[in-house]
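Next, two complexes with chain A in common: one pairs it with chain B, the other with chain C.
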Partner chain A sequence: MRSLPRSVQVFLLALTVLLAFYPVFGEMLVGDRYDYWLQKLTSVMILAIMAVSLDLLVGVTGMVSIAHAAFFGLAGYTMVMVAPEWDAGSIWILLPAAVLAAALAALVMGVLIIRTHGIFFIMATIAFSQMIYYIFHDSDFAGGSDGTYLFGAPTVELFGRELLNLSDRVTLFYVTLVSLLLVYLLLRTMLRAPFGRVLFGIKENEERVRAMGYNPLYYKLVAFVIGGTLAGFAGVLSATQYQFIDPSQVNWHLSAEVLIMVILGGLGTLWGPILGAFAFEGLHYWFSSMTRYWELPMGVVVILMVLVLPKGIAGGVMWVADKLERRPSQKVQREETAAGRPMEVKHD
Partner chain B sequence: MTDTVLRTDHLTKRFGGLTAVKDVSITVGQREVHAIIGPNGAGKSTMVNMLTGHLPPSEGQILFRGRDITGMPPNRISQIGIGRSFQRTNIFPSFTCRENCWLAAQSRLGNSFRFFLPASRYQRVRTLAEKGLELCGLSHRADTPASAISHGEQRQLEIGMVLATEPDFLVLDEPMAGMGQEESHRLVSLLRRLTTDYPLVLVEHDMDAVFSIADTLTVMVNGEVLASGPLDQVRSDPAVQEAYLGDGEEAY
Partner chain C sequence: MDLSLFLIQTMNGVQYGLLLFLIASGLTLIFGIMHIINLAHGSLYMVGAYLAFWISSYTGNLFLSILLGLPIAIVLGIVIERFLIQRLYDRDHLDQVLLTFGLILIFDAMQSIIWGNDVHGVPIPDALRGGIMLTENLAYPTYRLFVSGVCLAIAVGMFLLIQKTRLGMIVRGGASNREMVSALGINIRWVYTLVFAAGAGLTAFAGMIAAPISSVYPGMGNSILIICFVVVVIGGLGSIKGAFLGALMVGLVYTWGTVLVPQFAGAAVYALMAAVLLWKPRGLFA
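After this line comes the complex of A and B, so read on.
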């Protein structure tokens, strides 16, 4: 993973700052829709955590998984089941329990399917996630098809003192924003480390990776578990936000939507899929305000995007950045070589 | 050439009804260059694939430094020191040349479950990767994507990547495949340099290359060994002359 051009870094930082200040200027901007958009942005950031963690599998390692929602929903259900029925549970119990459940599910699923490739891998992930879906849909223990409620957002206390109030919407907004940034930075660090180089290698030429002395299965399995665990983490945030969970959050439809976010945003870039989540949800909002059949125009947009911008939004941003930085031409090139950039592995 | 490094015993590979390699027993000693030649479809690549774990033999045994490695997977074979190059260029096209060698070298860390320190901070990997680049003569192309270099350079990179894994035995499958004249010359001189450090199995079509560096020659036809032994002896074997080398070989 090579470092990004300066102008792209600035662009992404500006977007982050803009987002971070929404609670400050949002009221001026959207008036009494402020609260709606605060929640909307929070939920989009949660989806962005899903998307960036799915990119680790799909964009980086080349494993197209349609099981991501299974880990997301499983974590939410675990929270509901572990929490007391008539009281808010403690985050120190709920978070580890939920994330661990997602990690374990990813490990079990991974062990069973990691040897398959291509379409067989995709089918196996769908099959597994639908199994989990029907467990929650058809049995009574978690509300069946109606779903079930969490009694209040988890408490965050240390020695009896409340550190954060997660039912406060602004607090949750910032907790989610910081989570998204941390997940992004964590994955970026991993991709710059030896682990990431092997994953990029597997996507490009798994046979050669094996011939050079690595067992690709272990690396793929670990990537799969990391991705599933992070999806579970997103599930915790989501269950905290809505305090409600139903089988639709385990369904492969959600997985497929997140996959579209990743493709829309730009495979293997990490930051692209985050933008992809915002773009997808923005279009979703816009189209569904016009028609009940929002999937239709969405499908057209996705097809057009893939044709016009095969590297997604990230590809488009990189293209613009390239144009911008080329203009004062030679200077930039000299800087690049002087900074020894080539040592930073791999981009797109 | 006294102590045997690699030995195959009655190695056989069948694909359904087709016997691609039949009862091949060869030995490769310390510092020995063992060339395998033969017409298309003779079973040379199949032989290589068995040596490096890419195909399990149907019958027979492979011993490396006295250890039975029959049926070991390619990643373990690589880790015990057998480096292999491919007949069909098998690189990472979107990686730069340095990144190609880097990933090869990094395999010597034992494992790459290293998540936090940037890869570029691993000094030993850097040294190995640069050495691989230098040996294969691509230092000046280090930062060029592998997809953007010439076919001949990709063949060089193929070998650079093998060398970056710090092997102590080489198995090269037609390293000169599809190369132009001048590029071949460069590669031959690289191979000649390698022969001083590594025992190697060399599969090759290019006769001049084989005759200039091999110590031992095995001629395969239709999966079977036609002749095998010291270069000069096999070269003058009448059966070989007739079946494989043909008329064009009177020159020497």
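After this line comes the complex of A and C, so read on.
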């Protein structure tokens, strides 16, 4: 993974700073709607954590997984089931339990399907994630199709002293922002290490990676479990924010929406999917404010995106950055694009 | 557990399995021949069911509704293939997933706009009302038997069409070598359109004949889509034989699960899938 051009770095940093200062200037900007947007931004950042972790699977390793919501929701449900019924649970118990449950589910699912490719892999991820969906949907231990409540946000205490109050919305906003940055930096560091190079290699040509003496199955499985674990972490934040969970948060439609965020933002770039999460939720908000049938314009946007904009927002940002900086590598890249996108023929 | 319950549940399972086969065979044909994953396949099932409800509310006759509704569904399939799917043949699976998910969103919205979000029923045709006596005091609904018979006839017809006719030969040829078939002077683009339209027609038809049994409701396409994925994953991608066996297995496990372990009936089918994948990672017939 190469370093980003300076102008893109500045652009992303500026966006982050702008976001971080929302609690300061938000009231001036949106007035009464301050609280609504504070919560909205928090929930979008949670989705962005999901999107960036899905990018590790889809964009980097080339595994099109539609099971991310299963790990997200499973973590939330685990929190509800582990927490005391009439009291707020401790984060030191709930967080490890929930993340571990997501990781374990990803490991079991991964072992079963990691050897498959292409469409078969896609179908198997959808099918297994729906299995988790139906377990919660049909169950009576977790509220069935109505969903269930968490009694208060988890407490963060050390030696009896409260460190953070997660039911405070501004605190949760900053906790989520820092989490998103940490997840991004973690994945970025990982992809610059040899581990990440193997993953990129698997996407390009799995057989060649095998011929070089790496076992692609092992690397794919590790990536799948890391992705699922991070989705579970996002699920913990979401359950903390809403203190409520229902089967729709486990449904594959959520997985597909996160996948759209990844593509909309820009596949394999990590920072693109974060922008994609904001763009998708922005469109969602805009369409919903216009019509009850927001799926209709959204469906049209998704289809147009596939047909017209395969590189996503990140592709556009990089194009502008290239124009601005006139980098020496510009000519080479031009030639690459002029030659057209290399055609991939996959038969499986 | 007495013998009559066993018999009835088994027959229900076979009937459900045969219905699943109609839908899953379309999915697996479209994959096997065109290498396309179509998430909107379930939406076409839903469209079929709603068409049956909508037209029969005017005509009062299910068979007439099928006769009038089926061409609409097939034309819909042709339009989708010509304008959208055809642009995806050289693209990777990810683009196929996204585009067909976009179609799901559009279908779901159109369904709420045109037909609303209520649950509807479709009456069983008069001729097929009532039951057939299996033993002296055990009746089985005639309509379910009729559905099983129709599905079985279509399955046999499809097998003969693909294995024994010239058209089937061209379709099979297109599956293994697109360029070669094209070089032999056959318009492969129209063959693909035909296959997609046939898949759409099969699914919509399944939705129509299932409507009196399952009722017509929003989101019905999505749940059937997932079950069909399970069928295809068990049977092996692209295999009609696998889809047939997988559909029967899923149908039986599902109906038996509902009776024996109602809590986990939904999950039992997936446990079956996990077991098959452990044994044969690419499905039974792939």
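Everything below uses one rule, namely that the second predicted complex is superposed on the first by the 323 of 348 C-alpha atoms of A that agree within 3 Å, B and C clash if a C-alpha of one lies under 4 Å from a C-alpha of the other, contacts with A are read in each partner's own complex, and residues count from 1 in each chain.
Throughout what follows, contacts are C-beta pairs under 8 Å (C-beta built on N, C-alpha and C of every residue); 3 or more make two chains touch, one makes a residue touch a chain.
Since the structure is predicted, the reported quantities are computational estimates derived from the model, not experimental observations.
Once chain A of one complex is fitted onto chain A of the other, the partner contacts of A:Leu182 are absent, as it touches neither chain B nor chain C.
In the superposed model, C is the one of chain B and chain C that contacts more residues of chain A. Contact with chain B, but none with chain C, is seen for A:Glu204 once the two complexes are overlaid on the shared chain. Residue contacts after overlaying the shared chain place A:Val320 against neither chain B nor chain C.
When both complexes are overlaid on chain A, the residue A:Leu13 reaches neither chain B nor chain C. Touch criterion met: A:Asp138 reaches chain C, while chain B stays clear of it.
For the contact definition in use here, the residues of chain A common to its chain B contact set and its chain C contact set are 343-344, 346, 348.
Contact residues of chain A toward chain B in the complex are 189-190, 192-198, 200-201, 204-205, 207-215, 218-219, 222, 342-346, 348. The part of chain B that touches chain A in the complex is made up of residues 52, 54, 73-76, 78-79, 84, 86, 90-96, 98-99, 102-104, 106-109, 112-120, 122, 125, 142-143, 161, 165. Those residues of chain A that touch chain C in the shared complex are 58, 64, 66, 112-113, 115-116, 118-120, 122-124, 126-128, 130-131, 134-135, 137-140, 252-253, 256, 259-260, 263, 267, 292-296, 298-303, 305-307, 310, 343-344, 346-348. Against chain A, the residues of chain C that register as touching in their complex are 31, 35, 37, 39, 84, 87, 90-95, 97-99, 101-106, 108-110, 112-113, 222, 226, 229-230, 232-233, 237, 263-267, 270-271, 273-274, 277-278, 281-283, 286.
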